[in-house]
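See the structures that follow.
What follows is chain A paired twice: with chain B in the first complex and chain C in the second.
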Partner chain A sequence: MATLFRYLPILVVLALWEAATRYGLVSKLMVPDLASVGAAFWQLLTSGELVFNAGRSLGRAFIGLAAATAFGIVAGLLMATIRPVRLLVNPLVQAFYPMPKSALIPVVMVWFGLGDLSKIVLIFLGCILPVVVSTYNGARGVDHVLVWSAASLGASRRAILTEVVLPAAMPEIFNGMRTALAFSFILMVSSEFILAKDGIGYLIATLGDGGAYAAMFACILTVAGVGFGADRLFGLLIRRTLRWREP
Partner chain B sequence: MTATRTRRRALGDLLIQSLVIAAFLLAWEMTARARVINPFLLPALSDVLMRIGKDLGSGIAIVDLSLTLYRALSGFAIAAAIGIPLGILMARWSLVRWFFDPLISAGFPMPKIAFLPIFVLWFGLFDTSKIIMVAFSSIFPVVSAAYAGTQGVDKWPLWSARALGAKERELLWEVILPLALPQILTGLQIALPVALITTVVTEMLMSGKGIGGTMMNAGRFADSVGVFAGIVEIAVVGILVIRGVEALRRRLLVWHAETRADA
Partner chain C sequence: MEPTVGIDVRNVSHAYGARNGRGVVALQGINLSIRPNEFHALLGPSGCGKSTLLYLIGGFVPVQTGTIATARGRVSAPSPERGIVFQNFALFPWKTVRENVLYGLEKLKLDREERERRAREFIELVHLTGFEDAYPSQLSGGMQQRTAIARTLAVDPEVLLMDEPFGALDAQTRRVMQEELRAIWQRKQKTVVFVTHDVHEAVFLAERISIMSARPGRIEHVIDVGFDRNAGEEVMKTREFVELSEHIWDLVRQQAIAATRGAL
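Entry: the complex of A and B
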């Protein structure tokens, strides 16, 4: 009940949308009514078109994000613990961090072709820096007392890194991963808009070009919903994984 | 640690940073010159810089840069002008909070760029739809930062100001805004790169002028020097804009503890 009340405004917005189209406040050409968007969604869903394309997109996003997380955490930890690595990598990270990664779309397309690989590489490049930076900050911010205690108990450097530094840095790393998750969706959709043979971005672009606006709205709302759902799911995962932390 | 030592250390860091970047750029130039990689895939840095110089001289790059910046900054300004008051209202007024909180928290993690086709349908292919797209994608961090900042204002200064007879208006301008300013600025600092990224993507998608459109065109004509020129331009603009906002933050927050701690 409380959740329903909390999300009531979203229903209000949907009702306003339906009312605006039904009473002709806005042209149906500009804003398809809710019922036809729903019908289009159902049709895309049952024909398998939506599931296929969304699956392709999510696969790309997942691979890119997973690779970025793995490399990012290792790189961040190395930067935090080994000084030469830090001196070498940190300037590059700082220089590339503010650069809009979507500017790389044309180059990545030329280098890695028009298929899956170019999108995965783009998502990887866009997602790795937030993970590196958050891991680095998290690992650097670990309480020295924890490290000293572990060392005095005879823990090896490696054990300190994996048993003390990594868990202590986990909250920050998760934050970075959450940012990266949002980036992965943005880069996935925009690269598929620009050049792709399949994927949800491609589907949206094709439907829009063909004038099937109800179906286009349905796909856009699906992407938005999946992006929102993925973020919430990740938030839940974070809370579960970090249950050992004091609140 | 004394101030001179901190300064010397910062200078050393800056030196190392510039050296690494220089080495990176040199490595780019050498690999390209040695023809290890096909020059179509990786044009030499010097060629790219020469192209940028030529385009700056002929004014093409200046038109592109100013168009891109104009779109990014207009969208960003709209997001700030709507987002900051909305965030403050959400914190001060429970009805506004009830209505907008779920919308903002649902909209924040959504990939906003997916809505671009809708904006194109509504507002056409020109500046309006681009600027609205930019404003739409960069407003969420602004609203939630302004909301959280206002919400987090300590109750003691509010009570003291009230006890001293401050009116609601004065309370807002003299107490709430200054205390929420650090958080609001953080929100703006997140929103600005988002605005820039969105601008470039919309330009790429909708062609026309602007850095993104010019890059896409260069890509279509297999002009890889042109593509890399665009990347370098965007990278430089991105870094300058973000460093500029950081400097602005330090100026605006001279009175704040965070700035004093750095100095």
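Entry: the complex of A and C
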């Protein structure tokens, strides 16, 4: 019940949408009514088209995000602990961070082809920086008395890094991963818009080109729903993992 | 053979920010010989460098000038031979009480059963049996500090360094912890270096007290407490206790006043 109440604004927007189309406030050519969108959704779902394309997209996003997380955490930890690495990588991170990664879509297509790899590389590039930066900040912010305590209990430098610095930085790292998750969805869809032969972005683009607006909206809502669900799920995972923070 | 030296500090000076040439001298010409199994308090106004001296002994901060040695030899890095307890507990917040206490034990070459046994023993020593699976965030300050003490004692260090360990606790808890620490120290003989700015705490706990001056930190007086304090809290009402405390208070106050003048 509380959950329903929290998401009430979403229901209000959907109701407004339905009202606007039903009473002719906006043209059905511009915005299809919810009932047609629902019907189109059902048709896409039963034909297997939606599941197939969404699956392709999510696979790319997952691989890109997982690789970005793994590399990003290692890079962030190395930056935080080894000065030469920090001096080398930090300016690159700062220069690359504000750049919209979607600007790289054409380049990545040329370099890595039109298949899965180019999309995965793009998602990887977009997702790695938030993970690097959050890991770096988290690791730099570790209270030195924790490190000293571990050292005086016999921990090696390496053990301090993996057993103290990493878990202490984990809350920050999760924040970075959550940002990366959102980026992965953006880049997943936008790269599939430009050039792809499957994927949810491809589906949205082709349905739009073909004038099947109801189906197109069904796909857009699906992406939004899946993205929202993934974020919620990740939030739940964070809360469970960081249970030790709650009194 | 019983070692003849607990901790030997010779001609130690230390400056912060020395690299840019305008460093703050935190310690100057410190000489201090602490006997094995002695409970030694470092007392002084804030900013006298007493914590810095403790960190140097711990090997956490590299020695710039002079030498520091224990029975095991010269101090150059942190070691399980010298355990430390911090004012803000420094527990691993993602580990339970048991996991915190086990952390140092896992670094020793002990079998699992022995590790578990020792963790239980030390959790019991600090009266935390029943709280093994609690996270630090679920515990009171006093309980967190007990956990930190158990974690440090479990690896059986020869030297116990304590950096105002009860400074973050309320007065009531502090009193209880002081008595417990005394009891623990009597059961498990260790060389203790205890940093505090609380005169009563120093007189209640320590066998000898070094009184430090502020900026640059020097050891101005070393006082032998020299009377029996095993009666617990009652000791604090005795004449010797009150008189010695007042005497030390005067010495510390002089240092604090001198420090203020120096700052003006």
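The rule is short, and it goes like this: the second predicted complex is superposed on the first by the 245 of 247 C-alpha atoms of A that agree within 3 Å, B and C clash if a C-alpha of one lies under 4 Å from a C-alpha of the other, contacts with A are read in each partner's own complex, and residues count from 1 in each chain.
Just so it is clear, a residue touches a chain if its C-beta (ideal position, glycine included) is under 8 Å from a C-beta of that chain, and two chains touch if they have at least 3 such contacts.
Small disclaimer: the values here were computed from a predicted structure and weren't measured.
Participant: When the two structures are laid over each other on chain A, do chain B and chain C clash or fit?
Facilitator: They fit: once the shared chain is superposed, the two partners occupy separate space.
Participant: Answer with first, second, both or neither: which of chain B and chain C does A:Ser102 touch in the superposed model?
Facilitator: first
Participant: Quick one: is A:Leu88 in contact with chain B, with chain C, with both, or with neither? Answer first, second, both or neither.
Facilitator: The answer is first: A:Leu88 touches chain B but not chain C.
Participant: Look at the residues of chain A and decide whether chain B or chain C touches more of them.
Facilitator: Higher number of touched chain A residues: B.
Participant: So in the superposed three-chain picture, is A:Met170 touching just chain B, just chain C, both, or none of them (first/second/both/neither)?
Facilitator: second
Participant: Nearest 10 degrees is fine: what angle do the Cα centroids of chain B and chain C make about that of chain A?
Facilitator: 90
Participant: Which holds for A:Ala150: it touches chain B only (first), chain C only (second), both, or neither?
Facilitator: second
Participant: Quick check for you: in the superposed arrangement, does A:Gly201 touch first (chain B), second (chain C), both or neither?
Facilitator: first
Participant: Go through the superposed model and pick first if A:Trp244 touches only chain B, second if only chain C, both, or neither.
Facilitator: second
Participant: Note down the smallest distance between any C-alpha of chain B and any C-alpha of chain C in the overlay, whole angstrom.
Facilitator: 7
Participant: Both chain B and chain C contact which residues of chain A?
Facilitator: Shared contact residues on chain A (touching chain B in one complex, chain C in the other): none at all.
Participant: Given the complex with chain C, which residues does chain A contribute to the contact?
Facilitator: 143, 145-146, 148-155, 159, 163-164, 167-168, 170, 242-247
Participant: Going by the contact rule set out above, which residues of chain A touch chain B in the complex?
Facilitator: It is residues 6-10, 12-13, 30, 87-88, 90-92, 94-96, 98-107, 109-111, 181-182, 185-186, 188-190, 193-194, 201, 204-205, 208, 213, 216-217, 220, 223-225, 227-228, 230-232 of chain A that touch chain B.
Participant: Which residues of chain C touch chain A in their complex?
Facilitator: 55, 58-60, 77-80, 82-84, 86, 88, 90, 92-95, 103-104, 107-108, 135-138, 148, 151-152, 155, 157
Participant: Under the definition above, what is the set of chain B residues touching chain A in their complex?
Facilitator: Per the stated touch rule, the residues are 16-18, 20-21, 24, 40-41, 98-103, 106-118, 120-122, 193, 196-197, 200-201, 204-205, 211-212, 215-216, 218-219, 224, 227-228, 230-231, 234-235, 238-239, 241-242.
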